[in-house]
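Residue numbering begins at 1 within each chain, and the chains themselves are lettered A, B, C and D in the order written.
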Amino acid sequence: MDVSFIAVQLLSGLTMATLLFLVASGLTLIFGVGNVFNFAHGSFYMLGAYLAYQTVSAWHGNFWVAALVAAIGAGILGMMAEFLFLRRIYGRAEEGGFQILLTYSFILVIDDLVKMIWGTEYKSLLRPAGFQGSITAAGVTMPTYNLAIIGIGLLIAVLAWWILARTRPGRVARATALDREMLGAMGVNVPRTMTLVFGIATALGGFAGALAAPLRSVTPGAGIEVIIDSLIVVVIGGMGHFWGAWLGALLLGEVNSFAVAIVPEWASVVSYVVMVLCLIFKPEGLFAPRQVRKA
Amino acid sequence: MLKLRSGVIVLLVLCTLVLAPLAVMAQEKVIKIGAMYPMTGRAGLYGLDSVDAAEMAIAEINGKGGVAGYKLELINTDSKAKPDYSVMVAKRYIEQDKVHFLFGVVSSAVGLAVTEVSKQSKKIFIGTDHASTQLTADKFQPYYFRVSNNTFQSMAAGALYLKELAQTKPWSTIAYVGPDYAYGHDQWNELKFNLDRFGVKYKIVGEYWPKLFAPDYTAFITSIIKDKPDILISGLWGGDSVAFIKQATPYGLFEKVLFCSPDAGGNYEVMSATGAELPLGLVLSARHHNNWPETAANKEYVKKFFTRTGRYPTYAAEGAYAGILAIAQAVEKVGNPTDTEALVKALEGMKIKLPEDPDDFTSYIDPATHQIVQVQAIGVTVANDQFPPAKRMLGNWKVYKAEDLLPPKDFSEKKK
Amino acid sequence: MECILKLDGLEKAFGGLRVTASVSFSVKEGELSAIIGPNGAGKTTLFNQITGHLLPDRGKITFVGEDITGLSPQQIVKRGMGRAFQITSIFPEETVLENVRMACLSRRDEALSYFRPVHRFKEATDQAFAILESLGLHQQADRPAFELAHGDQKLLDIGMALGLEPKLLLLDEPTAGMSPDERQLTRDLIRRMWKEFNLTLIFIEHDMDTVFGIAQTVRVLQLGALLAEGTPDQIRSNPQVITAYLGEDLA
Amino acid sequence: MERDTDLKQAVLWLVVFAAFALVPVATASKYHLLLAAHILLWGLFAVAFNMLWGVTGMLSFGQALYFGLGAYSVGLMVKHVGPGWFLPGLGLGLVCSVILSLAVGLLIIRVSGVFFTVLTLAFGQLAWQITFRWYHFTGGDDGVQGIIPPGILGNGLVYYYFILILVALAIWLMHRLSQSPMGVLLRCVRQNPSRVPFLGQSVRFSQLRIYVVSSFFAALAGSLMAGADNSIHTDMLYWTTSGEVILMSVLGGIGQFFGPFIGAGVLIVLQDVMGAKTEYWPLMIGIVMMVMVLLLPRGLVGEFQALRVRLKSLVASR
């Protein structure tokens, strides 16, 4: 393996990692803040892709506008889902199980609704104007759209970190995860915060779907395919840790990228192996701070 | 007390089970066909196309008064592409709905499970879209017939194409990318087998196994570019094919290698989903083409399908269409849909004119393997917007004779 | 009388905060004693270390002549130490009887039997009934525990500890949240339990009537350290204790 | 009073057992026999699963792992060794399920709550991916077909009664377990885990024990399923299988021992009836799930019981 090939594979891994991160970020956000495991996160990703497709093809919108529409659309639908359904089961005994079931039911309903609206044919989006080609430097070719995605991913990571760590709403959101009741007592409107955060998380999912659409095919059931991968990212990164998700995605993307080059016949199980190793040695996630274990 | 109630509920459920069949009144003079196509997820498109095409064929036949005094009737249950559920459905079809034929299925796994039911209950199973060669080779059983090409035939055609290519444009190295499951592995093994059989010299420089429905191919693409193969064979299908092509284009992969996907790469949904992004000059094929052969029959078939559904068919549709025609023809010959053994005899060696047959050829069912024998055309992507939303269709056809594509008599999947 | 529990220089800190500062004392078998101290004096933390819920940073705990430092709660319980909690800790969906019976079964090493229905464990059931009777809960035996009044739940918590037939019973604020009348009843009950079951009993309490009403020995904790130890009379007149409780000015 | 309950339960057992035993008498249809067999086996799987979730409060999203393990032990034994090795395969599956669940259990009971759920999901998916990928050995996504039980068991009717007896025995054993001190202890672990050590019992070991027990019976259900369907496939290990068994439990009621069994029956019959009528089955089942979770969280059996109690008190107050 020469140096330029290593550079190429690193970049490939980075592209994969960024897309993984974009999907997983919403999942980890809503888990970290709301203590909600949104199994239907992939469905919002799929909705985003379809909304973007709709905006571009039927309404002849600009791609970047379409991505925004996708994010907003998925966000609004997410808030509705939280407000109408999820909210009702907070605090119930066995909440975790009911959360998973309820969000699982979202997957089924959204899948069939998408099928009713858009049919089963594959939809497709073009790369946006100006990002259709690639640039070559020092023997390394890189599609410009992939570069754009990596840039956007970094931007979102930094922005999210800044919001969560440095702004008051961000701190409130983080504190919500720690203690819903305590915050309620302190005059924070916890239900509204939860709805909002859920909306932001699903908007991130929808945005990721829109960004990924020009690279993938838009089909019903696309959500289920990304959810397991994002789940692995979130588990490796430590559930609810934003930077963890980024690092987890990076680790997974790069490991996958080099596995493809070195042991292609095992490429499809590498993600799982990484995850299981992580779980054995650090079950709460590689990048999560050690928790105080109670007896 | 409550526990007793739950007992009562169980009893009620069981009673419903027992009484349900009484409600199903046997209708007279109907040929019942029990189909099991998936209607959701990635394969849902093929399922929908198949059901639409089968119903189109049935409407045509019933419009002409049916066959041997019978009308055809199709029932479809969403198989969810799950083998265990499909087995249940198949048994229900046989026992409750009293179907005469089992029909369909997209996934080979479901096909393998249903052929087992067919074998045990001696009920004819007409296979349409699934491609695993096993079904007509080592898993062969007398009540199974397949009316679309299997992967072996596609790969044989692909191998012949590559053989001819070597004479005009010499190549030496080859790489493969295909989904990491039986279908992907079968194709590669069968291609290598056929290349050897036809005496083609080649050197393998890479084998890549993304998982089925993998969203990202970037790492595979850059790795393939490093391997510098002359030929890249792809065993990807549907959305995976679309994603691979879309992601590979800006890397200039298709200028560096000859991309060849002889089984499913030329399926219409790949072309419709990639539109103008589909590079020119890719070597693709499918088990039916909307623009080949340019016979009246094919044109009419495609047009009718479009009028009926508002979209152009994938090859799955033509398989289902062929299946209905085969059933009709068999019943016509036998005179009733109940004499299974006579129907098997009628299907064996049956000649059947299909939309995908060029004028000088008629498809027939090989009596030894129950596999339909058809010509296969391999084409190259050219600009063509007659079948929107596709902007590219195949052209510059190379046509391979059906007999050349059959597996040798002693071929078995086990000998890999 | 022999010494049943002995603490030797127990130390515990959370972060920089010393919550147990070199505490040493020994408890005689059959003693009924109280631990008092202002809020935050480290009383419950001390209990948590004795019962194995927390590991002390330093020091040694000896129970019936055996070093139990570092053992898990269940190992310590098996050696005959029972505990009831400050914030009532019961199994809310189980019946009152079941709560106590679980303890009785555990005591008899029958808790892991997986085949015989629980109600056929005659001895454990009878013992559980007997305990409920002496606690006055027997009429509510078949009610789910969460339906009980707060005071009764506290009693049930104690009942569960009694089901373990402990040599030593630790009660964490047994009268917290009770009305004065209930307190009086509980006070009598504790004394009766103590005699009836031949217990060594240590309780943490804020209610001074209870402490000075029934305890034979009183220990005072302040800022994690043992401030004083003695009979109720000695403690009542100890100037250090008065300071701790009433502040410098009044001392 | 408690003896009275015993009697009622014995009667119930007989009624349910007899109902299932009479299925082949009532209908000659092999399809109905298969449907009844599926209800029995899914019912067993669901009851075993609920010992984990409803009883002990550990929501596993990966019990398909053991269901599949049982099925594949039988299937692969038949495929690679010979058709006569059906029963040894069954035994091997059960042994493997104990060993594997011990190993996996030790790893994952270190965490609780949603973390536990996600870890079980992860291990389940790992097993699925390996089975899917290792296709020379497992048959990959093609699965294994033609798994016919040997000798007299090859007869569908005999095999049905074989299933019936084993399922009845297994459920009876689990029922005894749930009524035993161990069962009470498990319920205590769910309700108040921090109190359990102070009764001298270990939370983790209780959890590990029931994880192994539940996995064992899941494997039994899976291995018997291989013989009922005559085929196995990777879907049995996929997360949707785990999801289905959770749904069955919620449908019937996780607070009831028998709830999941009823849930399995209702779901399978519903799937059979609705699946034949609509291609929008996922939508239907999604809506059913939402209704159950939001409005009837106690499940059909649990809500029915609650309704009875309310009616009773209404009558009494009049």
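We take it that contacts are C-beta pairs under 8 Å (C-beta built on N, C-alpha and C of every residue); 3 or more make two chains touch, one makes a residue touch a chain.
On a predicted model such as this, the values are computed, not experimentally measured, just so you know.
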- Item | Centre-most chain, if every chain is reduced to its averaged C-alpha atoms | D
- Message: On a CA-centroid basis, which chain has its centre farthest from chain B's?
- Response: C
- Note on the structure: Rounded to the nearest Å, the gap between Cα centres of chain B and chain C is 74
- Mind checking the centre-to-centre distance between chain A and chain B? Centres are C-alpha means, answer in whole Å. 35
- chain C to chain D: how many Å between their CA centres? 42
- Message: Two or more other chains touching the same residue: where does that happen in chain D?
- Response: 129, 133, 197, 282
- Item | Overlap residues in chain A, where contacts from two or more other chains coincide | 111-112, 268, 295
- Message: Give the residues of chain C touching no fewer than two other chains, as numbers and ranges.
- Response: 52-53, 72-73
- Message: If we count contacts the way the header does, which residues on chain B are in touch with chain A in the complex?
- Response: 39-42, 44-45, 47-48, 180, 206-211, 213-216, 218-223, 225-226, 238-240, 242-243, 246-247, 250-252, 269, 272-277, 311
- Message: Residue numbers of chain A touching chain B in their complex, please.
- Response: 5, 8-9, 11-13, 15-16, 19, 111-112, 115, 119-124, 126-127, 132-134, 141, 143-146, 212, 214-217, 219-222, 224-226, 229, 256-258, 260-261, 264-265, 267-268
- Message: Considering only the defined contacts, which chain A positions touch chain D in the complex?
- Response: 31, 35, 37, 85, 88-89, 92, 94, 96-102, 104-109, 111-113, 116, 228, 231-232, 234-235, 239, 268-269, 272-273, 275-276, 279-280, 283-284, 295
- Across the complex, what residues on chain D touch chain C? 2, 6, 173, 176-177, 179-185, 187-188, 191-192, 194-202
- Item | Contact footprint of chain B on chain D as seen in their complex | 8-9, 11-12, 15-16, 19-20, 23, 26-27, 29-32, 34-36, 38-39, 129, 132-133, 135, 139-143, 145-146, 225, 229-231, 233-236, 256, 258, 262, 265-266, 269, 271-273, 275-276, 279, 281-282, 300-301, 304-305, 308
